[in-house]
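Down below are the structures I want you to see.
Common to both upcoming complexes is chain A, partnered first by chain B, then by chain C.
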Partner chain A sequence: MRIFKAFEISTSGLTAEKLRMDTISSNIANSGTTRTEDGGAYKRKIAIFKENLHKEVDSHSGIRRIVSKGVKVHSVIQDEETPMKVVYNPSHPDADNEGYVEMPNVNILNEMVDMIAATRAYEANVTALNASKAMFVKALEIGK
Partner chain B sequence: MKISNDMTIQLLNKALDASVKRQGAISNNIANVNTQNYKANRVIFEEELKKAILPKNNAGLMTTKSKHMSLSQGIRDIKPRVVKDTHTTMGLDGNNVDIDVENANLAANQLLYNALVTQINNKYRVLQHVISEGKK
Partner chain C sequence: MGDIKVGGLYSESKNLMLGRVHEKGDHGLSFKNVFQEELREVNRLQIESDEMTKQLILGETDNIHDVMIKTTEATLALEMTVQVRNKIVEAYQEIMRMQI
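Moving on, here comes the complex of A and B:
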(Lines of atoms letter the chains of each structure in order from A and count residues from 1; the text may use other names and numbers.)
(Lines give C-alpha, C1' and ligand atoms only; values in the text may rest on other atoms or scores of the structure.)
Protein backbone atom coordinates (compact mmCIF):
# COMPACT_ATOMS: atom_id res chain seq x y z
CA MET A 1 0.00 0.00 0.00
CA ARG A 2 1.20 3.46 -0.83
CA ILE A 3 1.12 5.02 2.63
CA PHE A 4 3.60 2.47 3.89
CA LYS A 5 6.06 3.38 1.15
CA ALA A 6 7.59 6.07 3.37
CA PHE A 7 8.11 3.41 6.06
CA GLU A 8 9.87 1.09 3.61
CA ILE A 9 12.12 3.91 2.39
CA SER A 10 13.15 4.93 5.91
CA THR A 11 13.72 1.29 6.86
CA SER A 12 15.98 0.81 3.82
CA GLY A 13 17.98 3.79 5.09
CA LEU A 14 18.24 2.24 8.56
CA THR A 15 19.42 -1.09 7.12
CA ALA A 16 22.01 0.58 4.89
CA GLU A 17 23.41 2.74 7.69
CA LYS A 18 23.60 -0.27 9.97
CA LEU A 19 25.61 -2.16 7.35
CA ARG A 20 27.93 0.82 7.03
CA MET A 21 28.34 0.71 10.80
CA ASP A 22 29.20 -3.00 10.52
CA THR A 23 31.93 -2.33 7.97
CA ILE A 24 33.33 0.48 10.15
CA SER A 25 33.33 -1.82 13.20
CA SER A 26 35.08 -4.47 11.12
CA ASN A 27 37.72 -1.94 10.04
CA ILE A 28 38.36 -0.81 13.62
CA ALA A 29 38.42 -4.38 14.95
CA ASN A 30 40.91 -5.39 12.24
CA SER A 31 43.15 -2.33 12.48
CA GLY A 32 46.00 -4.58 13.63
CA THR A 33 45.29 -7.69 11.55
CA THR A 34 48.28 -8.82 9.50
CA ARG A 35 46.94 -12.13 8.20
CA THR A 36 43.84 -12.58 6.03
CA GLU A 37 42.36 -15.26 3.80
CA ASP A 38 43.65 -13.48 0.70
CA GLY A 39 47.13 -13.23 2.17
CA GLY A 40 48.72 -10.00 3.35
CA ALA A 41 47.32 -7.55 5.85
CA TYR A 42 43.66 -6.54 6.23
CA LYS A 43 42.40 -3.97 3.77
CA ARG A 44 39.89 -1.28 4.77
CA LYS A 45 36.35 -2.08 3.62
CA ILE A 46 33.97 0.57 2.27
CA ALA A 47 30.20 0.19 1.82
CA ILE A 48 28.96 1.74 -1.44
CA PHE A 49 25.34 2.95 -1.45
CA LYS A 50 23.07 3.21 -4.45
CA GLU A 51 19.60 4.70 -4.90
CA ASN A 52 17.05 1.91 -5.16
CA LEU A 53 15.08 2.64 -8.33
CA HIS A 54 12.13 0.52 -9.39
CA LYS A 55 10.26 0.34 -12.67
CA GLU A 56 6.55 0.53 -12.08
CA VAL A 57 3.51 0.42 -14.35
CA ASP A 58 0.73 2.79 -13.39
CA SER A 59 -2.43 0.73 -12.89
CA HIS A 60 -4.69 3.51 -14.21
CA SER A 61 -2.84 4.97 -17.18
CA GLY A 62 -0.52 2.07 -18.02
CA ILE A 63 2.43 4.47 -18.15
CA ARG A 64 5.77 3.02 -17.14
CA ARG A 65 7.81 5.13 -14.78
CA ILE A 66 10.73 4.89 -12.45
CA VAL A 67 10.11 5.38 -8.74
CA SER A 68 12.57 5.71 -5.89
CA LYS A 69 12.33 3.09 -3.19
CA GLY A 70 15.02 4.27 -0.83
CA VAL A 71 18.61 3.16 -0.71
CA LYS A 72 20.41 -0.11 -1.10
CA VAL A 73 23.95 -1.28 -0.54
CA HIS A 74 25.53 -1.67 -3.95
CA SER A 75 28.65 -3.46 -2.75
CA VAL A 76 31.28 -3.58 -0.06
CA ILE A 77 34.63 -2.91 -1.70
CA GLN A 78 38.18 -3.09 -0.42
CA ASP A 79 40.16 0.13 -0.28
CA GLU A 80 43.03 -0.46 -2.73
CA GLU A 81 43.94 3.22 -3.07
CA THR A 82 45.11 4.04 0.43
CA PRO A 83 48.66 2.71 0.82
CA MET A 84 49.29 0.05 3.45
CA LYS A 85 51.14 1.12 6.57
CA VAL A 86 54.62 -0.35 6.77
CA VAL A 87 56.17 -0.60 10.23
CA TYR A 88 59.70 -1.64 11.17
CA ASN A 89 59.32 -4.46 13.66
CA PRO A 90 61.80 -7.32 13.08
CA SER A 91 60.43 -9.39 15.98
CA HIS A 92 56.99 -9.65 14.36
CA PRO A 93 56.28 -13.11 12.90
CA ASP A 94 54.99 -11.54 9.66
CA ALA A 95 58.02 -9.30 9.14
CA ASP A 96 59.81 -9.59 5.78
CA ASN A 97 63.55 -10.24 5.37
CA GLU A 98 64.38 -6.60 6.10
CA GLY A 99 62.24 -6.52 9.26
CA TYR A 100 59.27 -4.52 7.89
CA VAL A 101 55.67 -5.54 8.62
CA GLU A 102 52.78 -4.57 6.37
CA MET A 103 49.94 -3.25 8.56
CA PRO A 104 46.29 -2.57 7.51
CA ASN A 105 45.51 0.72 5.74
CA VAL A 106 42.91 1.58 8.40
CA ASN A 107 43.05 5.07 9.85
CA ILE A 108 41.18 5.06 13.16
CA LEU A 109 40.42 8.79 12.91
CA ASN A 110 38.73 8.33 9.53
CA GLU A 111 36.73 5.43 10.89
CA MET A 112 35.55 7.46 13.89
CA VAL A 113 34.41 10.31 11.62
CA ASP A 114 32.58 7.86 9.35
CA MET A 115 31.00 6.32 12.41
CA ILE A 116 29.61 9.67 13.53
CA ALA A 117 28.26 10.30 10.01
CA ALA A 118 26.58 6.88 9.98
CA THR A 119 25.08 7.44 13.45
CA ARG A 120 23.67 10.83 12.49
CA ALA A 121 22.24 9.46 9.23
CA TYR A 122 20.66 6.61 11.19
CA GLU A 123 19.08 9.12 13.59
CA ALA A 124 17.77 11.18 10.67
CA ASN A 125 16.09 8.09 9.26
CA VAL A 126 14.50 7.34 12.64
CA THR A 127 13.18 10.92 12.74
CA ALA A 128 11.68 10.53 9.27
CA LEU A 129 10.12 7.21 10.26
CA ASN A 130 8.55 8.72 13.38
CA ALA A 131 7.23 11.67 11.38
CA SER A 132 5.57 9.32 8.88
CA LYS A 133 4.09 7.30 11.72
CA ALA A 134 2.66 10.44 13.35
CA MET A 135 1.13 11.41 10.01
CA PHE A 136 -0.62 8.11 9.53
CA VAL A 137 -1.90 8.10 13.09
CA LYS A 138 -3.30 11.56 12.38
CA ALA A 139 -4.99 10.22 9.23
CA LEU A 140 -6.97 7.83 11.45
CA GLU A 141 -8.55 10.90 13.04
CA ILE A 142 -10.30 11.89 9.80
CA GLY A 143 -14.03 11.81 10.42
CA LYS A 144 -13.75 11.55 14.18
CA MET B 1 -24.77 20.62 -3.63
CA LYS B 2 -23.43 17.13 -3.73
CA ILE B 3 -21.83 16.12 -0.47
CA SER B 4 -19.41 13.66 -2.01
CA ASN B 5 -18.40 15.96 -4.88
CA ASP B 6 -17.74 18.95 -2.70
CA MET B 7 -14.89 21.12 -3.99
CA THR B 8 -13.32 21.67 -0.56
CA ILE B 9 -13.11 17.98 0.21
CA GLN B 10 -11.76 17.25 -3.27
CA LEU B 11 -9.07 19.88 -2.86
CA LEU B 12 -8.16 18.68 0.62
CA ASN B 13 -7.95 15.11 -0.67
CA LYS B 14 -5.55 16.19 -3.40
CA ALA B 15 -3.45 18.10 -0.89
CA LEU B 16 -3.35 15.08 1.46
CA ASP B 17 -2.19 12.89 -1.43
CA ALA B 18 0.52 15.38 -2.28
CA SER B 19 1.59 15.55 1.36
CA VAL B 20 1.94 11.76 1.58
CA LYS B 21 3.93 11.76 -1.65
CA ARG B 22 6.17 14.51 -0.31
CA GLN B 23 6.71 12.50 2.85
CA GLY B 24 7.92 9.63 0.66
CA ALA B 25 10.25 11.95 -1.27
CA ILE B 26 11.74 13.43 1.92
CA SER B 27 12.20 9.95 3.43
CA ASN B 28 13.96 8.92 0.24
CA ASN B 29 16.27 11.93 0.39
CA ILE B 30 17.16 11.21 4.01
CA ALA B 31 17.71 7.51 3.31
CA ASN B 32 20.11 8.47 0.49
CA VAL B 33 22.03 11.11 2.45
CA ASN B 34 25.24 9.08 2.10
CA THR B 35 24.70 7.86 -1.47
CA GLN B 36 27.24 9.08 -4.02
CA ASN B 37 25.85 11.15 -6.91
CA TYR B 38 22.30 11.05 -5.52
CA LYS B 39 20.17 14.06 -6.38
CA ALA B 40 17.32 15.07 -4.09
CA ASN B 41 13.67 14.45 -5.04
CA ARG B 42 11.21 17.32 -4.85
CA VAL B 43 7.42 17.15 -5.12
CA ILE B 44 5.74 19.77 -7.30
CA PHE B 45 2.12 20.23 -6.29
CA GLU B 46 1.28 23.79 -5.26
CA GLU B 47 2.34 25.17 -8.65
CA GLU B 48 0.12 22.67 -10.47
CA LEU B 49 -2.77 23.51 -8.17
CA LYS B 50 -2.31 27.22 -8.82
CA LYS B 51 -2.36 26.59 -12.58
CA ALA B 52 -5.58 24.63 -12.26
CA ILE B 53 -7.52 27.10 -10.14
CA LEU B 54 -6.43 30.43 -11.60
CA PRO B 55 -9.05 31.50 -14.16
CA LYS B 56 -6.56 33.51 -16.24
CA ASN B 57 -4.91 30.30 -17.34
CA ASN B 58 -8.13 29.19 -18.98
CA ALA B 59 -6.99 30.89 -22.19
CA GLY B 60 -10.34 32.66 -22.40
CA LEU B 61 -12.33 29.46 -22.79
CA MET B 62 -15.18 29.68 -20.35
CA THR B 63 -16.99 26.49 -19.50
CA THR B 64 -20.64 26.91 -18.74
CA LYS B 65 -21.68 23.30 -19.23
CA SER B 66 -20.04 20.12 -18.05
CA LYS B 67 -19.44 18.91 -21.61
CA HIS B 68 -17.59 22.06 -22.65
CA MET B 69 -13.90 21.68 -23.32
CA SER B 70 -11.35 23.67 -21.40
CA LEU B 71 -7.65 24.10 -21.91
CA SER B 72 -6.83 24.13 -18.23
CA GLN B 73 -6.51 21.02 -16.13
CA GLY B 74 -9.39 20.32 -13.83
CA ILE B 75 -8.81 19.87 -10.11
CA ARG B 76 -9.47 16.18 -10.65
CA ASP B 77 -6.50 15.82 -12.98
CA ILE B 78 -3.84 17.53 -10.89
CA LYS B 79 -1.19 15.14 -9.78
CA PRO B 80 1.81 15.84 -7.60
CA ARG B 81 4.95 15.36 -9.67
CA VAL B 82 8.31 14.15 -8.41
CA VAL B 83 11.30 15.88 -9.94
CA LYS B 84 15.04 15.65 -9.35
CA ASP B 85 16.77 18.74 -8.02
CA THR B 86 19.84 18.82 -10.25
CA HIS B 87 20.79 22.46 -9.80
CA THR B 88 22.48 22.39 -6.42
CA THR B 89 25.60 20.79 -5.02
CA MET B 90 26.55 19.85 -1.49
CA GLY B 91 29.91 18.35 -0.67
CA LEU B 92 32.27 16.57 -3.03
CA ASP B 93 30.50 13.26 -3.68
CA GLY B 94 27.89 14.62 -6.09
CA ASN B 95 25.15 14.30 -3.49
CA ASN B 96 22.96 17.36 -2.94
CA VAL B 97 20.89 16.34 0.08
CA ASP B 98 21.02 19.00 2.80
CA ILE B 99 19.97 17.15 5.94
CA ASP B 100 18.89 20.37 7.71
CA VAL B 101 16.64 21.38 4.81
CA GLU B 102 15.17 17.89 4.67
CA ASN B 103 14.44 17.90 8.41
CA ALA B 104 12.78 21.31 8.14
CA ASN B 105 10.70 20.09 5.18
CA LEU B 106 9.78 16.99 7.15
CA ALA B 107 8.47 19.07 10.06
CA ALA B 108 6.65 21.48 7.73
CA ASN B 109 5.06 18.62 5.82
CA GLN B 110 3.86 16.98 9.02
CA LEU B 111 2.27 20.23 10.21
CA LEU B 112 0.63 20.70 6.81
CA TYR B 113 -0.78 17.18 6.96
CA ASN B 114 -2.17 17.80 10.46
CA ALA B 115 -3.69 21.09 9.30
CA LEU B 116 -5.33 19.38 6.32
CA VAL B 117 -6.79 16.63 8.52
CA THR B 118 -8.15 19.26 10.93
CA GLN B 119 -9.68 21.16 8.02
CA ILE B 120 -11.30 18.05 6.55
CA ASN B 121 -12.73 17.24 9.97
CA ASN B 122 -14.11 20.78 10.30
CA LYS B 123 -15.76 20.38 6.92
CA TYR B 124 -17.41 17.14 7.98
CA ARG B 125 -18.44 18.74 11.27
CA VAL B 126 -20.29 21.44 9.34
CA LEU B 127 -22.11 18.76 7.34
CA GLN B 128 -22.91 16.92 10.55
CA HIS B 129 -24.31 20.14 11.99
CA VAL B 130 -26.59 20.53 8.99
CA ILE B 131 -27.68 16.89 9.04
CA SER B 132 -28.65 17.13 12.68
CA GLU B 133 -30.57 20.33 11.86
CA GLY B 134 -28.38 22.40 14.13
CA LYS B 135 -29.37 20.48 17.23
CA LYS B 136 -25.84 19.64 18.18
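Moving on, here comes the complex of A and C:
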Protein backbone atom coordinates (compact mmCIF):
# COMPACT_ATOMS: atom_id res chain seq x y z
CA MET A 1 0.00 0.00 0.00
CA ARG A 2 1.51 3.30 -1.07
CA ILE A 3 0.28 5.16 2.03
CA PHE A 4 2.60 3.06 4.17
CA LYS A 5 5.72 3.92 2.16
CA ALA A 6 7.30 5.91 5.01
CA PHE A 7 6.77 2.84 7.17
CA GLU A 8 8.64 0.64 4.71
CA ILE A 9 11.57 3.05 4.61
CA SER A 10 11.75 3.21 8.41
CA THR A 11 11.54 -0.58 8.54
CA SER A 12 14.56 -0.87 6.25
CA GLY A 13 16.44 1.48 8.60
CA LEU A 14 15.48 -0.60 11.62
CA THR A 15 16.56 -3.82 9.93
CA ALA A 16 19.88 -2.28 8.90
CA GLU A 17 20.60 -0.93 12.38
CA LYS A 18 19.70 -4.29 13.89
CA LEU A 19 22.27 -5.96 11.64
CA ARG A 20 24.85 -3.35 12.66
CA MET A 21 24.06 -4.16 16.28
CA ASP A 22 24.51 -7.88 15.53
CA THR A 23 27.91 -7.14 13.98
CA ILE A 24 28.99 -5.10 17.01
CA SER A 25 27.81 -7.85 19.38
CA SER A 26 29.82 -10.36 17.39
CA ASN A 27 32.90 -8.10 17.62
CA ILE A 28 32.54 -7.73 21.39
CA ALA A 29 31.88 -11.44 21.90
CA ASN A 30 34.93 -12.35 19.84
CA SER A 31 37.27 -9.76 21.32
CA GLY A 32 39.40 -12.56 22.77
CA THR A 33 39.02 -15.15 19.98
CA THR A 34 42.32 -16.47 18.64
CA ARG A 35 41.00 -19.21 16.36
CA THR A 36 38.72 -18.74 13.33
CA GLU A 37 37.64 -20.72 10.27
CA ASP A 38 40.10 -18.76 8.10
CA GLY A 39 42.90 -19.36 10.60
CA GLY A 40 44.45 -16.70 12.81
CA ALA A 41 42.69 -14.44 15.24
CA TYR A 42 39.24 -12.89 14.77
CA LYS A 43 39.10 -9.77 12.62
CA ARG A 44 36.71 -6.94 13.38
CA LYS A 45 33.56 -7.00 11.18
CA ILE A 46 32.04 -3.83 9.75
CA ALA A 47 28.56 -3.59 8.20
CA ILE A 48 28.41 -1.46 5.03
CA PHE A 49 25.07 0.19 4.18
CA LYS A 50 23.87 1.19 0.74
CA GLU A 51 21.05 3.45 -0.39
CA ASN A 52 18.23 1.36 -1.81
CA LEU A 53 16.84 2.97 -4.94
CA HIS A 54 14.13 1.43 -7.02
CA LYS A 55 13.08 2.18 -10.59
CA GLU A 56 9.35 2.35 -10.92
CA VAL A 57 6.80 3.18 -13.62
CA ASP A 58 3.82 5.25 -12.54
CA SER A 59 0.67 3.24 -13.26
CA HIS A 60 -1.39 6.34 -14.15
CA SER A 61 0.94 8.60 -16.10
CA GLY A 62 3.47 5.97 -17.25
CA ILE A 63 6.36 8.15 -16.18
CA ARG A 64 9.51 6.34 -15.07
CA ARG A 65 11.07 7.56 -11.91
CA ILE A 66 13.50 6.53 -9.22
CA VAL A 67 12.08 6.13 -5.72
CA SER A 68 13.84 5.49 -2.44
CA LYS A 69 13.16 2.24 -0.64
CA GLY A 70 15.34 3.21 2.29
CA VAL A 71 18.59 1.51 3.10
CA LYS A 72 19.97 -1.95 2.54
CA VAL A 73 23.00 -3.77 3.83
CA HIS A 74 25.61 -3.86 1.08
CA SER A 75 28.01 -6.25 2.76
CA VAL A 76 29.79 -7.11 5.96
CA ILE A 77 33.54 -6.63 5.52
CA GLN A 78 36.52 -7.53 7.68
CA ASP A 79 38.66 -4.75 9.09
CA GLU A 80 42.07 -5.27 7.50
CA GLU A 81 43.31 -1.73 8.26
CA THR A 82 43.57 -1.90 12.03
CA PRO A 83 46.69 -3.85 13.09
CA MET A 84 46.17 -6.98 15.15
CA LYS A 85 47.00 -6.77 18.85
CA VAL A 86 50.05 -8.80 19.83
CA VAL A 87 50.27 -9.95 23.45
CA TYR A 88 53.19 -11.72 25.13
CA ASN A 89 51.77 -14.88 26.67
CA PRO A 90 54.05 -17.93 26.23
CA SER A 91 51.66 -20.27 28.07
CA HIS A 92 48.92 -19.68 25.44
CA PRO A 93 48.45 -22.64 23.05
CA ASP A 94 48.35 -20.26 20.05
CA ALA A 95 51.57 -18.47 20.98
CA ASP A 96 54.34 -18.40 18.36
CA ASN A 97 57.96 -19.50 18.92
CA GLU A 98 58.81 -16.27 20.72
CA GLY A 99 55.78 -16.47 23.01
CA TYR A 100 53.62 -13.81 21.33
CA VAL A 101 49.89 -14.35 20.70
CA GLU A 102 48.00 -12.52 17.94
CA MET A 103 44.78 -11.14 19.42
CA PRO A 104 41.75 -9.70 17.52
CA ASN A 105 41.93 -6.08 16.34
CA VAL A 106 38.76 -5.28 18.30
CA ASN A 107 38.86 -2.19 20.49
CA ILE A 108 36.09 -2.47 23.08
CA LEU A 109 35.90 1.33 23.44
CA ASN A 110 35.28 1.76 19.70
CA GLU A 111 32.68 -0.99 19.79
CA MET A 112 30.88 0.70 22.70
CA VAL A 113 30.74 3.99 20.78
CA ASP A 114 29.48 2.19 17.66
CA MET A 115 26.90 0.46 19.81
CA ILE A 116 25.61 3.79 21.14
CA ALA A 117 25.46 5.10 17.56
CA ALA A 118 23.51 2.03 16.41
CA THR A 119 21.09 2.26 19.35
CA ARG A 120 20.47 5.95 18.74
CA ALA A 121 20.02 5.40 15.00
CA TYR A 122 17.50 2.65 15.76
CA GLU A 123 15.67 5.02 18.10
CA ALA A 124 15.69 7.74 15.43
CA ASN A 125 14.05 5.32 12.97
CA VAL A 126 11.38 4.43 15.54
CA THR A 127 10.77 8.16 16.14
CA ALA A 128 10.42 8.78 12.39
CA LEU A 129 8.01 5.87 12.16
CA ASN A 130 5.93 7.13 15.08
CA ALA A 131 5.86 10.59 13.50
CA SER A 132 4.49 9.22 10.23
CA LYS A 133 1.97 7.18 12.20
CA ALA A 134 0.91 10.32 14.10
CA MET A 135 0.51 12.15 10.76
CA PHE A 136 -1.68 9.35 9.43
CA VAL A 137 -3.86 9.32 12.56
CA LYS A 138 -4.14 13.12 12.41
CA ALA A 139 -5.26 12.89 8.78
CA LEU A 140 -8.06 10.54 9.85
CA GLU A 141 -9.25 13.20 12.25
CA ILE A 142 -9.90 15.68 9.43
CA GLY A 143 -13.53 16.67 9.39
CA LYS A 144 -14.41 15.07 12.70
CA MET B 1 -24.24 -1.27 -0.52
CA GLY B 2 -26.48 -1.69 -3.56
CA ASP B 3 -25.86 0.77 -6.34
CA ILE B 4 -24.98 3.84 -4.32
CA LYS B 5 -22.32 5.81 -6.14
CA VAL B 6 -21.31 8.66 -3.91
CA GLY B 7 -18.88 10.09 -6.45
CA GLY B 8 -21.47 10.12 -9.20
CA LEU B 9 -24.29 11.34 -6.98
CA TYR B 10 -23.93 14.96 -7.94
CA SER B 11 -23.87 14.39 -11.69
CA GLU B 12 -26.73 11.92 -11.43
CA SER B 13 -28.95 14.32 -9.52
CA LYS B 14 -28.04 17.01 -12.08
CA ASN B 15 -29.10 14.66 -14.86
CA LEU B 16 -32.37 14.01 -13.04
CA MET B 17 -32.99 17.73 -12.72
CA LEU B 18 -32.35 18.17 -16.39
CA GLY B 19 -34.87 15.43 -17.10
CA ARG B 20 -32.26 13.01 -18.32
CA VAL B 21 -32.45 9.56 -16.83
CA HIS B 22 -29.05 8.04 -16.40
CA GLU B 23 -28.72 4.84 -18.36
CA LYS B 24 -27.55 1.78 -16.49
CA GLY B 25 -23.90 0.77 -16.89
CA ASP B 26 -20.61 1.62 -15.34
CA HIS B 27 -18.59 4.42 -16.83
CA GLY B 28 -15.15 3.59 -15.51
CA LEU B 29 -14.59 2.97 -11.82
CA SER B 30 -17.58 2.97 -9.55
CA PHE B 31 -17.18 3.83 -5.90
CA LYS B 32 -18.40 0.37 -4.97
CA ASN B 33 -15.59 -1.32 -6.91
CA VAL B 34 -12.91 0.94 -5.50
CA PHE B 35 -14.21 0.43 -1.97
CA GLN B 36 -14.37 -3.33 -2.41
CA GLU B 37 -10.81 -3.36 -3.72
CA GLU B 38 -9.61 -1.35 -0.71
CA LEU B 39 -11.49 -3.63 1.68
CA ARG B 40 -9.66 -6.57 0.16
CA GLU B 41 -6.37 -4.72 0.74
CA VAL B 42 -7.26 -4.05 4.39
CA ASN B 43 -8.13 -7.72 4.80
CA ARG B 44 -4.79 -8.70 3.26
CA LEU B 45 -2.96 -6.48 5.77
CA GLN B 46 -4.86 -8.08 8.65
CA ILE B 47 -3.95 -11.57 7.46
CA GLU B 48 -0.32 -10.52 6.96
CA SER B 49 -0.18 -9.10 10.48
CA ASP B 50 -1.69 -12.35 11.82
CA GLU B 51 0.90 -14.37 9.90
CA MET B 52 3.77 -12.26 11.26
CA THR B 53 2.54 -12.58 14.84
CA LYS B 54 2.27 -16.34 14.40
CA GLN B 55 5.82 -16.47 13.01
CA LEU B 56 7.10 -14.47 15.99
CA ILE B 57 5.39 -16.78 18.47
CA LEU B 58 6.76 -19.85 16.68
CA GLY B 59 10.22 -18.31 16.67
CA GLU B 60 10.47 -18.26 12.87
CA THR B 61 11.34 -14.57 12.76
CA ASP B 62 13.66 -12.53 14.94
CA ASN B 63 12.62 -9.10 13.67
CA ILE B 64 10.30 -7.78 16.33
CA HIS B 65 10.09 -4.41 14.60
CA ASP B 66 8.75 -6.02 11.40
CA VAL B 67 5.93 -7.61 13.39
CA MET B 68 5.16 -4.37 15.25
CA ILE B 69 5.10 -2.36 12.02
CA LYS B 70 2.85 -4.86 10.21
CA THR B 71 0.47 -4.80 13.18
CA THR B 72 0.47 -0.99 13.16
CA GLU B 73 -0.19 -0.96 9.40
CA ALA B 74 -3.14 -3.32 9.84
CA THR B 75 -4.53 -1.22 12.71
CA LEU B 76 -4.23 2.03 10.75
CA ALA B 77 -5.77 0.51 7.62
CA LEU B 78 -8.74 -0.72 9.65
CA GLU B 79 -9.06 2.67 11.33
CA MET B 80 -9.15 4.34 7.92
CA THR B 81 -11.80 1.88 6.72
CA VAL B 82 -13.94 2.73 9.73
CA GLN B 83 -13.57 6.45 8.95
CA VAL B 84 -14.54 5.94 5.29
CA ARG B 85 -17.53 3.85 6.40
CA ASN B 86 -18.56 6.60 8.83
CA LYS B 87 -18.43 9.14 6.02
CA ILE B 88 -20.57 6.95 3.74
CA VAL B 89 -23.19 6.41 6.45
CA GLU B 90 -23.13 10.14 7.21
CA ALA B 91 -23.73 10.99 3.55
CA TYR B 92 -26.49 8.38 3.28
CA GLN B 93 -28.25 9.68 6.37
CA GLU B 94 -27.90 13.25 5.16
CA ILE B 95 -29.76 12.27 1.99
CA MET B 96 -32.40 10.27 3.88
CA ARG B 97 -33.15 13.30 6.07
CA MET B 98 -33.71 15.48 3.04
CA GLN B 99 -37.14 17.12 2.85
CA ILE B 100 -39.08 16.38 -0.30
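We adopt the following convention: the second predicted complex is superposed on the first by the 144 of 144 C-alpha atoms of A that agree within 3 Å, B and C clash if a C-alpha of one lies under 4 Å from a C-alpha of the other, contacts with A are read in each partner's own complex, and residues count from 1 in each chain.
As a convention for this text, contacts are C-beta pairs under 8 Å (C-beta built on N, C-alpha and C of every residue); 3 or more make two chains touch, one makes a residue touch a chain.
Given the structure is predicted, the values throughout are model-derived calculations rather than measurements.
Novice: In the superposed model built on chain A, check whether chain B and chain C fit or clash.
Specialist: These partners fit in the superposed model.
Novice: Between chain B and chain C, whom does A:108 touch in the aligned arrangement: first, second, both, or neither?
Specialist: After superposition on chain A, A:108 lies in contact with neither partner.
Novice: Is A:77 in contact with chain B, with chain C, with both, or with neither (first, second, both, neither)?
Specialist: Neither partner.
Novice: Would you sort A:133 into first (chain B), second (chain C), both or neither based on which partner it touches?
Specialist: After superposing on A, A:133 lies in contact with chain C but is clear of chain B.
Novice: Could you tell me if A:87 is touching chain B, chain C, both of them or neither one (first, second, both, neither)?
Specialist: Neither chain B nor chain C is touched by A:87.
Novice: When the two structures are overlaid on chain A, which partner does A:6 contact: first (chain B), second (chain C), both, or neither?
Specialist: The answer is first: A:6 touches chain B but not chain C.
Novice: Decide which partner touches more residues of chain A, taking chain B and chain C as the two options.
Specialist: Between chain B and chain C, B touches the greater number of residues in chain A.
Novice: Of the partners chain B and chain C, which touch A:118 in the superposed model: first, second, both, neither?
Specialist: A:118: touches chain B, not chain C.
Novice: For the overlay on chain A, what angle lies at chain A between chain B and chain C, C-alpha centres, nearest 10°?
Specialist: 40
Novice: Just to confirm the geometry: in the superposition, how small does the C-alpha gap between chain B and chain C get, in angstrom?
Specialist: 9
Novice: Where on chain A do chain B and chain C both make contact?
Specialist: Common interface on chain A, chain B vs chain C: 10, 129, 143.
Novice: In their complex, what parts of chain A are in touch with chain B?
Specialist: 2-3, 5-6, 9-10, 12-13, 16-17, 20, 48-51, 67-71, 117-118, 120-121, 124-125, 127-129, 131-132, 134-135, 138-139, 141-144
Novice: What part of chain A is in contact with chain C in the complex they form?
Specialist: Its residues touching chain C are 1, 4, 7, 10-11, 14-15, 18, 126, 129, 133, 136-137, 140, 143.
Novice: Taking the complex as given, what residues does chain C use to touch chain A?
Specialist: Against chain A, chain C makes touches at 41, 45, 63, 65-66, 69, 72-73, 76-77, 79-80, 83, 87.
Novice: Quick one: in the complex, what on chain B touches chain A?
Specialist: Interface residues on the chain B side: 16, 19-20, 23-28, 30-36, 38, 41, 82, 99, 102-103, 106-107, 109-110, 113-114, 117, 120-121, 124.
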